[in-house]
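Below are two complexes that have chain A in common, paired first with chain B and then with chain C.
Showing the complex of A and B:
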């Protein structure tokens, strides 16, 4: 019997309420929004690339000056080399090569391998940091709304204080103090990014708290924790999902920006780091900066489109 | 306290400390509930019936609400002052509550089955299969056709009557011995009302359950009630058997209330009403709170608040017209 219980009930004793018909309903609504499907497609593609891609390409950190500044496949650049012996310029045409389809950077590192490694980093940071932020935000928001009184006051004033910190400056400061590492970046974004979520969840939970079913579950003997986790949070789960999806691009951008200004994790290749190396040679090897830029652009756009689609699908008042 | 008393409310006062003043929603309520009886709490809107019911299980928002005085004795335990942990064990398991609006009293994101099973699990560990079987039995007892199917339904997929019955099933999931029903039929139509009243009557008979039935509909009182407590201005003004209350009320307010019932045998064009309005709970009149509207007001009513006095056995009334010895002065 314990086996069936663990199968049908979550760890917190929460009843499993995934309803296939409801899921189908949301899926049908989401499907009507073409842009969000495109977004979802790109996110899935990126996730697959991030998970399996590194297995198929060379080491992104491998330096080879013999093949530096190779243009992408199908493009070509002219390279002029000054020969000291003959004291004249020889200009050669360099074509993209199939073994480096997206070209190489100024140190001869393969762009494709670096971009794939970067997508892994970006997704990892995006998911972990916004997951952490949303988790904290939900917890603080629900706690604040449900308990009310001085707890609510204290938590919300704390949220206000957190909101007044210039987030990016704080990030820079902490990375400067503790040294750049991916874990620090994730932690800082996660520990500072929950404020908006907390506010939103609190306001939603406040209106739910006065609903009769909360009083009813209390009347039938539910503890505060049970009311919060089994009744309040499941009612805001759609809000949480949408908020998480829409907060991921911001986190990805923050990580890229940090890496761009040189405060990223030096041990890992992120889109921001590639952008940083590419900016010095924008006039000659344009692809080094443009390629990660395009990736960032499409990733952020995809998450935004998908998040918008999800929000409309979950909103019963929205006509899709 | 006699042997068959299951719940005793003594001088209960629940006040709400609001910005505009102290709202004395419940201001000295006394009544007892006996085993297997249905006690009706009757009165106008805002007279403190619902707050009394909520106070029994301490379900009002606190702050601003607070029980300032009084006791709610259940099995020798004072629910008004015991720890919240102890009270939580009583809620649902010994004393359950049914709310007026089942639509909003059911959680919209869970199926009925999940909610009942959750409720069963909240009080003691039962295997899921057993809990589901019990939920199914309960729905069957509530005369819901195809209970297995109903278990998998979400509240919005049910009709109003089904929701109300599912709500009652949920409150019965831990076999409580007292059921507090707060206007359970206000939000449903007459046919469903008949069904629900029938179910409540069966519960009383089959399970030997005590019911506190809150209503402002006197026809329902006649149908289900054994005794009735008439509320006015946060106090009980008269307690008696339902027959006596309906046929020969003693308190001027109860008399006025009964006169307001439309009578099919007379053909008066206009319904009589009690003059004046319900008192403002922040600023209750001094003395007897009913005196500004009372037809038989006396000098003493302006200054002295009458206590609830036993007249003869079951009958108690709070009015200066009656003396402790019994009978009208």
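Showing the complex of A and C:
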């Protein structure tokens, strides 16, 4: 065993290697794509904010009507109050305050604290649900391609049905029926979002199946499970990573959309939930609708940049 | 060819049946009942909740075993009876009949908007590869893909309706469909829905054009002394159309209950998205199933149409 390789799974003589030199090669290729590095940087930043941020800010769910609709620092709004005794309008200028740098919403909740809580939710849902979807998709795709016959037929027909289902309608339906909670949202997106991955992995595995090294390992007496897990899946792993990265934006948007239409977890603060509040105060507090959307936009953009960079880095035909 | 179409139609019916069954089961195993919406009224009138509930359930056949309900529903459906909407108090077909046009106009206009601008920008971008225009178009398309459509809708309302006052903040159903006012008030929704699609088309058109620009027949065409216009328009574009059609048709199928659904909710357009959204929250299962089925048939029809369109666009493709 050379120094450049490390063993990850060492069962009975045939380990799957993580090839350090190859990893370095991919990393060098990825580094040439500046946008993808920017994307990766933002994702890491967001993850750190999501993990450690809540320690430094107040409770995002803390309601304080005294300070409702406070604009962000550096902005000011005019608030007109109608006095019922003198029947006169008094207009006061409200300035942003340093203790609520991004303002507050219509219930006086701190926007910064809510956005930080939201980044945690978005990343969590994005990673878990797309991880689950890709895992399922890989499993079904490889199983279908490798076993063939009626298993392949049944699995692919089921995939057809799932693909034809109006996706967002299904999400809304299931989340409504089983109640809005983070676990349900993750489960539903994970259990319905695997179809594209399954088809792609299947077609990839179908072409791999006829290659000589698979025939050789079968000739040496490898079991079906062994061929699948030690030979087929390692060879589609780069495809899986790229697909997972590029599927995260869709999941994050789906979660935000669900929360936006009122099907978010009521116990947690997500960017979509804030947008829902902001939708109703567009004319009095624009920042409530603007800020979470900007976060959503940059997060999705980052994953798209990073995923594109990864795809080019893994693709030997792409010039970087 | 005819046998191919017949096979596909039969297959479509089977898939639709699968989706119908899944939806039916999901709706009927849910913890809520369509009768729930009457409960408050009944209690307010001082009637005995349980006996009234049983009476209503008996009237609509909701007390029977789920298998029997399913067979009954299927039997009615095969006779063309789509059922009764509890929440709208009218036959499901009437409900859908009076609302589909709002979705249709939105989707039609935004698709036209996205195709015209997207394909146009994509062609220009490919022809002027690596110029400032190309970079600007790439950045624009990345931004467009990453912006959540419903948030874009909110921002358009915020800027153009709340602050500039150019448009109304809500959709006014008082205007007839075929009127200038209606067209005008659709501007923002069409942009909110269309920009995401547009951005995708710019990207796909550009890469499809670039693929073909490198082909030898393009060099030949230029060597023959054909004007650049003809080379691009007749030789490159026609070959780039096939992958584009796939993307556009796929988008058309997924947009109906994806982007359009949310756009309708943001702008308050009473289309099928809004109808199905309300029906899900009211547990109005006949409407939910009907809308799901319509979405499914639409996707199946679009898939079939896409495949048939291929044979027209590329005579080398045959399905015999």
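Rule of thumb we're sticking to: the second predicted complex is superposed on the first by the 306 of 320 C-alpha atoms of A that agree within 3 Å, B and C clash if a C-alpha of one lies under 4 Å from a C-alpha of the other, contacts with A are read in each partner's own complex, and residues count from 1 in each chain.
By definition in this document, contacts are C-beta pairs under 8 Å (C-beta built on N, C-alpha and C of every residue); 3 or more make two chains touch, one makes a residue touch a chain.
Quick caveat: nothing in here was measured; it's all calculated off a predicted structure.
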Q: Give one word, clash or fit, describing how chain B and chain C relate on chain A after superposing.
A: fit
Q: Kindly classify A:149 by the partners it touches after superposition: chain B alone (first), chain C alone (second), both, or neither?
A: first
Q: Name the chain, either chain B or chain C, that contacts more residues of chain A.
A: C
(Q) For A:230, using the defined touch cut-off, is the partner it touches chain B, chain C, both, or neither? Pick first, second, both or neither. (A) first
Q: Would you sort A:91 into first (chain B), second (chain C), both or neither based on which partner it touches?
A: neither
Q: Pick one for A:221: touches chain B only (first), chain C only (second), both, or neither.
A: first
Q | Touching partner for A:211 - first (chain B), second (chain C), both, neither | A | first
Q.
Contacts for A:78 in the overlay, against chain B (first) and chain C (second): which applies, first, second, both or neither?
A. neither
**Q.** Closest approach of chain C to chain B (Cα atoms, Å)
**A.** 16
Q. For chain C, which residues are in contact with chain A within the complex?
A. 15-16, 18-19, 22-23, 26-27, 29-32, 142-143, 145-148, 150-151, 154-155, 157-158, 162, 169, 254, 256-258, 261-262, 265-266, 276-277, 280-281, 288, 291-292, 295-296, 299-300, 303
Q: Flag every residue of chain A that touches chain B in the complex, lowest number first.
A: 1, 4-5, 8-9, 13, 15, 17, 19, 149, 211-213, 215-223, 226, 230-231, 234-235, 237
Q) Inside the complex, what are the residues of chain A that reach chain C? A) 160-161, 164-169, 172-174, 176-178, 249, 253, 256-257, 260-261, 275, 278-279, 282-283, 286, 289-290, 293, 296-297, 300-301, 304-305
Q) What does chain B use to touch chain A in their complex? A) 57, 59, 63, 88-93, 96-97, 99-101, 104-111, 114, 117-119, 121-123, 127-129, 154, 167, 170-171, 173-174
